[in-house]
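In what follows, subunit A forms one complex with subunit B and a second complex with subunit C.
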Partner chain A sequence: MAESKIDKNKIPELLKAVSADYTLYGPKDEAGIVAMGRINSVEELMLDYRNSTISAKELFLPRAEVVYEFDGQKFVDDKLSDEKRVIFGMRPCDCRALALLDRNFDTDQVKDPFYITRRQNTIVVALACNQPASSCFCTVTGGDPFGQEGADVLLGDIGDSLLAKAVTPKGKDFLASYSKFFLRQGSGNWDKQAKEARNKIKTELNIENIKSCLDDRFENDVWKTVSLKCLGCGACSYLCPTCYCFDLVDEKTSTGVKKVRTWDCCMFPLFTKHASGHNPRDVNSARLRQKIMHKFSYYMERYGVNGCVGCGRCVRRCPVNLDIRGVLEQLMAAPNIATEK
Partner chain B sequence: MKDIQEQIIKTAAQLLTEAKADIVIGFSDSSLPMRATPCFITNADDAQQLVWNSYCLNNLAIYLPECFALDPHVKEQKPPPKVAVIAKGCDGRSAVGLIKELQVPRENLVIIAVPCPGMLDATIAQRLIGTSEIVSAEESGDTVIIKDQTGKETKFDRKELLAEACRFCTHRAAPVSDMTIGELPKGGEALAPDERFEEFSKKSTEERWDQFCRELSKCILCNACRSACPNCYCKVCFADQTRPNWTGTGGPLRDVISFHLGRMFHQAGRCVDCGACVRACPMGVDLRTFTYKLVKDAKELFDYTAGFDIERVPPLIEFNVDDSDNFITEPE
Partner chain C sequence: MKNPYRPILTKIEKVTVENEAKDLKTFQLVFCNEEEANDFRFQCGQFAELTVLGVGECPIGIASSPMDKAFLEFTVKRYPDGLVTNALHNCRLGDKIGVRGPLGNSFPMEKMEGKNVVFVGGGFAFTTLRSTIKYMLHEDNRSKFGNLTLVYGARSPGELLYKEQLKEWEALNDIETHITVDKGDENWKGKEGFVPAVLDQVAPSPNNAVVLVCGPPIMLKFTLPVLTKLGFGSGEIVTSLEMRMKCGIGLCGRCNIGSKYVCRDGPVFTFEQLQALPAEM
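What follows is the complex of A and B.
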């Protein structure tokens, strides 16, 4: 598709115009944490950032979502949010995470109206990554610092200006409606930039055979070893752009009840606890195994891709430095002998 | 610190060889700059992995109760192991709390007290450096030279990079120990008055509540604070109970607040101010201002500081007629 570019000085003007038509979201500093937050004035938006501390999944899967509400007499009419949104400056790993979430929430069998509506009402303007962090490993899991999967528009920082490329028809329309801010450009110099960025990812890990490797080691004692220092908290999952597991809870209202969908996490003991009191994953090692297996085996089995985009948030924010890259290495290095029961 | 590290390695290897310990809990090198990671050594040959540097921040006492937990998968339990732990002041204080609350059998615990210089916090360093990622750090004396991704070197006094709890720590040595490595610091003084806390404690009840709610609104309920806290060993946390459900798990601030109020009140007279909760929090919630209020209250109202005396009965377990009660009868 046609490419264009925009002078960095023009960006505030563009953002002002966009926020007149859409609710604008983007990276902003929220009390020391970079979050994909609502941009109320364009100065808040920071494009000189590495990646947000917490991923943008909250904009598609809120931490608590009322699925339905009963006021004691009747169901409360619940209209899905029709907010038209633009997320500006999201990193390619997080955009790719949306493409992975699509595979789960928008399938032939399952159509999640909440997720799909938000996805349809949102234009994702990605900002390619020139400075991946040492904890980044998107290229290991099939992504790219200049990847465009999951995005509608891809922007690339080339110093004084940003190159822009429409990825989807929605993105093409977006660029067309704001074309007065952009200069037409034959073909931008993406390749060199992209290559440089790719070379900055230093994580050397080959996970080509990770699925069969994990499947073979399901009963291996190595899980006990790798999970020893894990605290069993949910920091990794809650920051992760692809962890989507949820719980459905009933909450009392003043006159009735509402069903709320909340974030949940397989590292929590309560996650699999049965009503009988039995817990099939009663130890931390079984829970960590579930987390890793879901991302690198079950996701692959169902959707043909890994469920990890290599954004590195779990690496950076794990309180005990349980580095998922190291865990995968240890698992792959473990002898393939099922532990005798 | 290299010297201390050598002695830690030697001691660990010796304890394991002589079967005086089945496991040594310490630190090893991590995958990130300015970090160390907890490690578990069971074989004398592996003791070489142990490190001792300015980044050994985690409170290792968190792992102690689990070492003595029963295995749900076997009928005949193994006898409890002998566990050795490399202990800074805070690890030691937490260990005292766990012994006191019968979570760890004293006779099976080998507390190896090591001199703690106050640990450095990579998050604080990164904040000072800015967006360019920290690549490495080198120490010489009290100076820390941090190199970032652009190749730039920035010099800091190590005091500037101290973890928050370490800035205000007054007890850098484990109060109870079985072995000592190096020369333990005696007592200690907080680097500076805790201005943020002073400001908080001067506020009216309403203002304090506002600050509490504002700060907690950042929380995503990932439970990292609870999981990193050695005092949070409950087999089933009140927040995980389902009959009844004490707190919601949802987004409303109400749920977040009920969880934190519950957790914090359980810390009254028990919190040793190690700062593990704050450092574990991925969202940068300032929990310490609130937990420190409990530490201060325990001290001022009951002359009690947690983590020092295995024998003394904790204030909230004991009743004395002359107990301070004006916070009930004359609330602010």
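What follows is the complex of A and C.
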């Protein structure tokens, strides 16, 4: 696709023009952390950030949203978001996470209208990653600091300006609409930049055979070892851009009820507890196993890819420094001996 | 796009208290909207999410037959800690109940055509088996299936589900019934003994046969070796699982065993399929 670049001085003008046509979202400071939030004035947008503390997941799967309302007599028409949005400056790992979420919420069998509408109404402008953190491991899980999966437009920072390329037809239209801010350019020097960024990811971990390795070790004491210090707090799931498990909760209104979908987490004991009291995952090690197996075995089995994008948020924010990379290493190193039940 | 979370409305037409402990009730629900009634087509073994509006949802197997077009039946066990099952048990005739479904796969109805079918049921896990027996005994369907044999048991005579129906079936020549209780009372004239033991005595032939087994885990544990001994292959032994569920459509992430979602890939699995899954039930 055609490539172009934009002088960094022009970015405020571009963002103002975009804000006139779309609701603009992007990385901003929210009480000391970087969140993907609504940009009310273009000065708020931060483009010199490493990665957002909180992922962009909540822009597609809000922490809580009404999935239907019953007014006491009848169901109220669904309130699907009609907001036309541009998310500007999302990191490639989070873009790739959207491509993974699509596999769950937009399938041949089941379509989630709330998620799909938001995806359709959003243009994702990704910003490639020049400064991966020491906790980043996107290249381990199949991603890339300059990856474009899940994005509509990819931008790359080359100092005074940003390179831009369209990834999807939607992205091409976007760049065409705002072409006056961009200079045409034959071919940007993406490869060199991308290689440099890739080399900055120091995590050395090969998870090529992770699925069969985990499947072989389902019944293994190593799960008890790796889960010993896990508090089961669920911070990792809430920050994870690909964790999508949810709960459905009834709330009463003045005349009727509404059903609210909220984030949930497989690390919580009640997640799987039956009304009878029986719980198939009644210990923390079984729950951590579920979390790891879901991402690196079950996701692979259902969709042919693993369900982790290597953004490193769970590594950075775990209150007891449980590092998923270390956990995977320990699991792969464990002797393949099933534990007697 | 259809909203997969929104139920359709039904009204409680009839409530039957099924057991002496009074914690099992069968709810007969009629659709509030004729069009929705016509659209609700299900197969034996499927389930639905029942909504008590303002309280929550719970997944329950459909106990009525697909041939019963005018209503749906669900037999619900009330658990002391079960928010929704308690609310359901407190509902009255005429109350509105939301139904979302049909959900999940079904018993292998096509595969069973031309074959003998053995039903092995225990306690209140008998609901979707009852749906299947009713369906197969229906005059429009009976000729499609071979001999039908039922072994059904409960703890005591008072805990047997669908007592009137069981009497009707016993009076028919169309299905061989063996009803047993763990321990009888002074009025009980039927069999005494656990389901696996009775099944062993009845010894149904595995030739050209499929067996549907639904019961508590302890019954399944002792039934499987009996079936294996009788010569049933693990692909011909079919069961139905329960799990805590929310969405019922494979999205919310909680009812999986390994990579399989009980709600979408199940609830019906063959024993062969279960053997390939991790032991996490």
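Just so it is clear, the second predicted complex is superposed on the first by the 341 of 341 C-alpha atoms of A that agree within 3 Å, B and C clash if a C-alpha of one lies under 4 Å from a C-alpha of the other, contacts with A are read in each partner's own complex, and residues count from 1 in each chain.
Note that in this section contacts are C-beta pairs under 8 Å (C-beta built on N, C-alpha and C of every residue); 3 or more make two chains touch, one makes a residue touch a chain.
None of the values given here were measured: they were computed from a predicted structure.
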Ask   = For the overlay on subunit A, clash or fit between subunit B and subunit C?
value = fit
Message = Taking the superposition on A as described, I'd like to know which of subunit B and subunit C A:264 touches: first, second, both or neither.
response = both
Message = By the touch definition at the top of the document, which applies to A:62: first (subunit B), second (subunit C), both, or neither?
response = first
Remark   = For apex subunit A with the CA centres of subunit B and subunit C, the angle to the nearest 10 degrees sits at 90
Message = If we overlay the two complexes on their shared chain A, which of subunit B and subunit C does A:135 touch? Say first, second, both or neither.
response = first
Request  = May I ask you to decide whether A:247 touches subunit B, subunit C, both, or neither, giving the answer as first, second, both or neither?
outcome  = both
Ask   = In the superposed arrangement, does A:23 touch subunit B (first), subunit C (second), both or neither?
value = neither
Request  = Have a look at where A:283 lands relative to subunit B and subunit C in the superposition and call it first, second, both or neither.
outcome  = first
Ask   = Which partner does A:110 reach: the first (subunit B), the second (subunit C), both, or neither?
value = second
Query = After lining up the shared chain so the two structures overlap, which partner does A:321 touch, if you call subunit B first and subunit C second: first, second, both or neither?
reply = first
Inquiry  = Once both structures are overlaid on their shared chain, how near does any Cα of subunit B get to a Cα of subunit C? Whole angstrom is fine.
reply    = 6
Overlap of subunit C and subunit B interfaces on subunit A (superposed complexes) = 247, 249, 264, 273
Key: Residues of subunit A defined as touching subunit B within the complex   = 30-33, 48-50, 53-54, 62-64, 131, 133-135, 228-229, 231-235, 237-239, 247, 249, 251, 260, 262-265, 268-270, 273, 282-283, 315-317, 319-323, 325-326
Message = Going by the contact rule set out above, which residues of subunit C touch subunit A in the complex?
response = 1-6, 51, 53-58, 79, 81-85, 242-244, 246-247, 249-259, 264, 278-281
Inquiry  = List the residues on subunit B that touch subunit A in their complex, please.
reply    = 30-33, 35-40, 58, 62-63, 72-73, 127, 131, 133, 135, 149, 218, 220-224, 226-228, 236, 240, 242, 245, 248-252, 276, 279-280, 282-284
Query = What part of subunit A is in contact with subunit C in the complex they form?
reply = 67-68, 70, 75, 78, 104-105, 109-113, 116-117, 218-219, 244-250, 252, 256-257, 259, 261, 264, 266, 271-277, 280-281, 286, 290, 293-294, 297-298, 301-302, 341
